[in-house]
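Letters A, B and C mark the chains as written, and numbering starts fresh at 1 in each.
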Amino acid sequence: MENVTAVLSGEEPGGTGEAEASGGWLWLRAFAANRLAVAGLVVVVVLTLFSFLGPLLYHTDQIHTRIGMETLPPGPGHPLGTDDVGYDQLGRLMVGGQTTLEVAFGAAAVAVLVGVAWGAVAGYVGGLIDGLMMRIVDALLAIPALLLLLYLATVFRPDVLMLIIVVGLTAWLVPARLVRAEALTLRSREYVLAAKTMGVRTPTVIVRHIVANSIGTILVNATFQVADAILVVAALSFLGLGIAPPATNWGAMLSNGLNYTYSGYWWLTYPPGVAIVVTVVAFNLIGDGLRDAFGLDTRRQ
Amino acid sequence: MIRFLVRRCAQALLVLLLVTIIVFGLSRLLPGGPARAILGVHATPTNIAAFNRENGLNGPLPAQYWHWLSGVLTGNLGFSYVLNQPVSSLLAQRLPKTAFLAGISVVLAVLIAVPVGLYQAVRRGRADDYAVTTVTFVLYSTPAFWVALLLIDILSVRLHVFPAEAPQGSFSTIFSDPSAMVLPVLTITLVTIAAFSRYIRSSVLDELAQDYVRMARSKGTSQPGILLRHVLRNALSPVVTLLGLSLPFILSGTLITEYVFNYPGVGLLAFNAATSQDYPVLLGVVLVVGVATVAGSLLADIAYALLDPRVQLASDAGAGR
Amino acid sequence: MSAPGTPVLQVTDLEVDIKLRRSVVHAVQGVTLKVGEGETVGIVGESGCGKSTLGLALAGLLPSNTAVRGSIRLADREVAGLRERELRRVRGTEVGIVFQDPMTSLNPTQRIGVQVGETLRVQSGASKAEARAAAADMLNLVGLPRPLEQLDRFPHELSGGMRQRVVIAAALVCHPRLLIADEPTTALDVTTQAQILELFGHLRETLGMATLLITHDMGVVAGHADRVFVMYAGREAETGDTAEIFDAPRHRYTAALLDSVLRLETPHKSELATIPGRPPDLTVSTAGCPFVPRCPAASGQCSTELPAISGEGDHHWRCFHPADQAEDNLSAAEAPR
């Protein structure tokens, strides 16, 4: 059946010509058709390979500082120059990328796992328990993440793992809200009611029906979580609360380099800065593309 | 309408209570207990015992919580041994400054972002729409501190238009040298616009696609008339909610901005407290900011209800939550 | 004022193309139709046959990715190809349009009175009070109880049927000569449907406007239209007086449509008659009659040549092998497959 209004608003006609993929993977095809989203994906893959495989091809010493080799401009032997303690900047960019991406993915994973569990249970169970669980989310949301992180990072001097946990723990609130909204809608669907009547146990119902059918929303949010985590870790590093050297991440490299703005050492700021912006843009493009592919309302809260 | 207000306020109170519990919980996370953390490494057991006694840190947790909460409700937010002042007076000095900075920036951001969003939606798909989207996208993906420092670099150092440091001291200093406020406000405004403009644009686009817009067109209403009389009001209500929800994000950005520009607000206070391990102050800031955000969200919800008549009816009928 | 006898609406060879990203939809392909003063013409067809596009074209509400060719004369004035500024003056004053879903046709945050009076304020610069008074009159005319109270209510406070009445009132407040109703009853339950259709009849008597009733439901057309225009794949299939079309449909598609309507006389255990196949893809232009793939009487000629309009008197059709009365009675008596 052709929806003329849809046609008039510029969407393609359903028509007789298109072969329909099975509903489950329709989103993948829609995503693949979105050039910006695919470009974002490519960028992410390239940067991941750059960070993790790069050092295998391009060996530099990222542990020992070298006096007398500081702040060399890009040139032979150092394509991006050296930083203020003598590390090769290109190699540092790779190592920094590893940490940045590890923490971002890790924090996003923590946020999504905790948030989805919390939200699905709250939405499915409903009633007073839902009310309480969501008020807790509201309370945690009321405290700016950076402030909370400021406190946690001061109390628990973080290493990579702690950073992942701590950042994830401030980020799980949004997926919780989103999944709870989905759960509220889904729990009155007939297949859920059928499962309940058949005696399927609640955890199974939650996972197999509620979560499985919210996978689109979850995936979209997970992508944005990664993007946000990168920015949050950068801000933390800027405030001096990141990981101690010789470990580094792009945010730390950027803020370190910003100390030398007036000396004109552009290779200290722009490579990590551009890396951050490009990666965050890429993840946001992927997230937007996924959202369009799944047909999710942008105003859904 | 009354029922809705009452319910919302009750919810907000519960959330406030939970915020206090969270802050209390945070204070108990300190390794070695609050006493050791606050008094420092060299505190003797006698000092610690005295401190515990004074601050009601003996006894079961609920009692401790109640002791602390009753202190808070009477205005006692603890004492900073680092700065040698009660936390409450520090907050009283700094909070208005942050409110001022954030307030101006948000108002400015909304005043700019809404017309820009309208413009984008109307010019959807054309070059200027894409241009604006690209700019805000990139801005949104840039760390706020870099934005701040780039602004300083361009507008302060190279072009010498604005000073790089925010005004210190009281409000009179601010008003006598407004140009020093420009860069900090600009930073937060830009970051906020970048976060909002996508939502405003898509909200307006959603409204433009609605049938009632087509209906209005069929009556001969002009495009500007449609935008002003129909679209704007309906597109704004989700934005109001969004504002309420974004307060924490905006305050995070304010923290960074205060740090970069050395602005004597609550964010910089928190940062200094963190580096000097002045936990009472840090926790005091967390508490007050949390409370302020809950209040702000409540106001935003009330504004939303005023804007959208459907909400009032639904609540009066007692439907759902 | 135009001379008496001039049709309110005269459409000649109208073509509408909708430009999509990678294709063009030929939504309307050469439609000629006429609506006289005070006449109700029903435009009938399946979803996707172009009837809604036709309606939008006549109201001047097509989006910018469309191309229009041909002539639309509204009250003896050419409106196809008018610029937006002039079109705006035509809308609401010469032609009013009612859409399918009354809930979404009304702005949820604006009061009813304001929305009904909007056309007056926009077109003739009426004051708020004048518009409000006219709105109250109109609400009364469309049968809304206690119209003065309703003025200050919001759309969600009304039932579906009442909302549709409000939409009709808003469309007619400037007394346009033509009302286009695009599936006005599809979103309503059967009882309300009947009421709304009666309302159209009542309004026609009171206001004397002509109505274009666009629908996929033959039943709607049967009791309420003077003439019927059957549309298929963007083209005219058949036109004529309602009674004649129902008694003696000539185009195979019309005949099939009427066959598929459930009647009281339908034998108890017979299968429902359906039209096999699907409507054609309007992005592909075909030579010949578009109904060929689904037509029981199609021949070679039908695939290669588009039938010209043939007919007697006011009854026209585009078919090389029109159904005739004898055949019809025969097929009704046989048990359908």
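In this text, a residue touches a chain if its C-beta (ideal position, glycine included) is under 8 Å from a C-beta of that chain, and two chains touch if they have at least 3 such contacts.
Everything quoted here is computed from the prediction, not taken from an experiment.
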* To do: Could you tell me which chain lies farthest from chain B when each chain's centre is the average position of its Cα atoms?
  => C
* **Between A-B and B-C, the pair joined by more C-beta contacts** => A-B
* **Centre-to-centre distance between chain C and chain B (centres being mean Cα positions), rounded to whole Å** => 53
* Asked: Using mean CA coordinates as chain centres, what's the chain A-chain B distance in Å?
  -> 22
* List, in ascending order, every residue of chain C touching at least 2 other chains. => none
* Asked: Which positions in chain A touch two or more other chains at once?
  -> 9
* To do: Name, in rising order, each residue of chain C that touches chain B in their complex.
  => 59, 61, 88-93, 96-97, 99, 101, 104-110, 118-119, 122-123, 154, 156-157, 167, 170-171
* Structure fact -> Seen from chain B, its contact residues with chain C in the complex are 210-212, 214-222, 225, 229-230, 233-234, 237, 307-310, 313
* To do: Please give the residue numbers of chain B that touch chain A in the complex, ascending.
  => 11, 14-16, 18-19, 21-22, 26, 29-31, 137-138, 140-146, 149, 153, 157, 198-199, 202-203, 206, 209, 238, 241, 245, 248-249, 251-252, 255-256, 259, 270-271, 274-275, 277, 282-283, 285-286, 289-291, 293-294, 297, 321
* Name, in rising order, each residue of chain A that touches chain B in their complex. => 9, 131, 135-136, 138-148, 150-151, 153-155, 227, 231, 234-235, 238-241, 251, 254-255, 258, 261-262, 273, 276-277, 280-281, 284, 298-299, 301
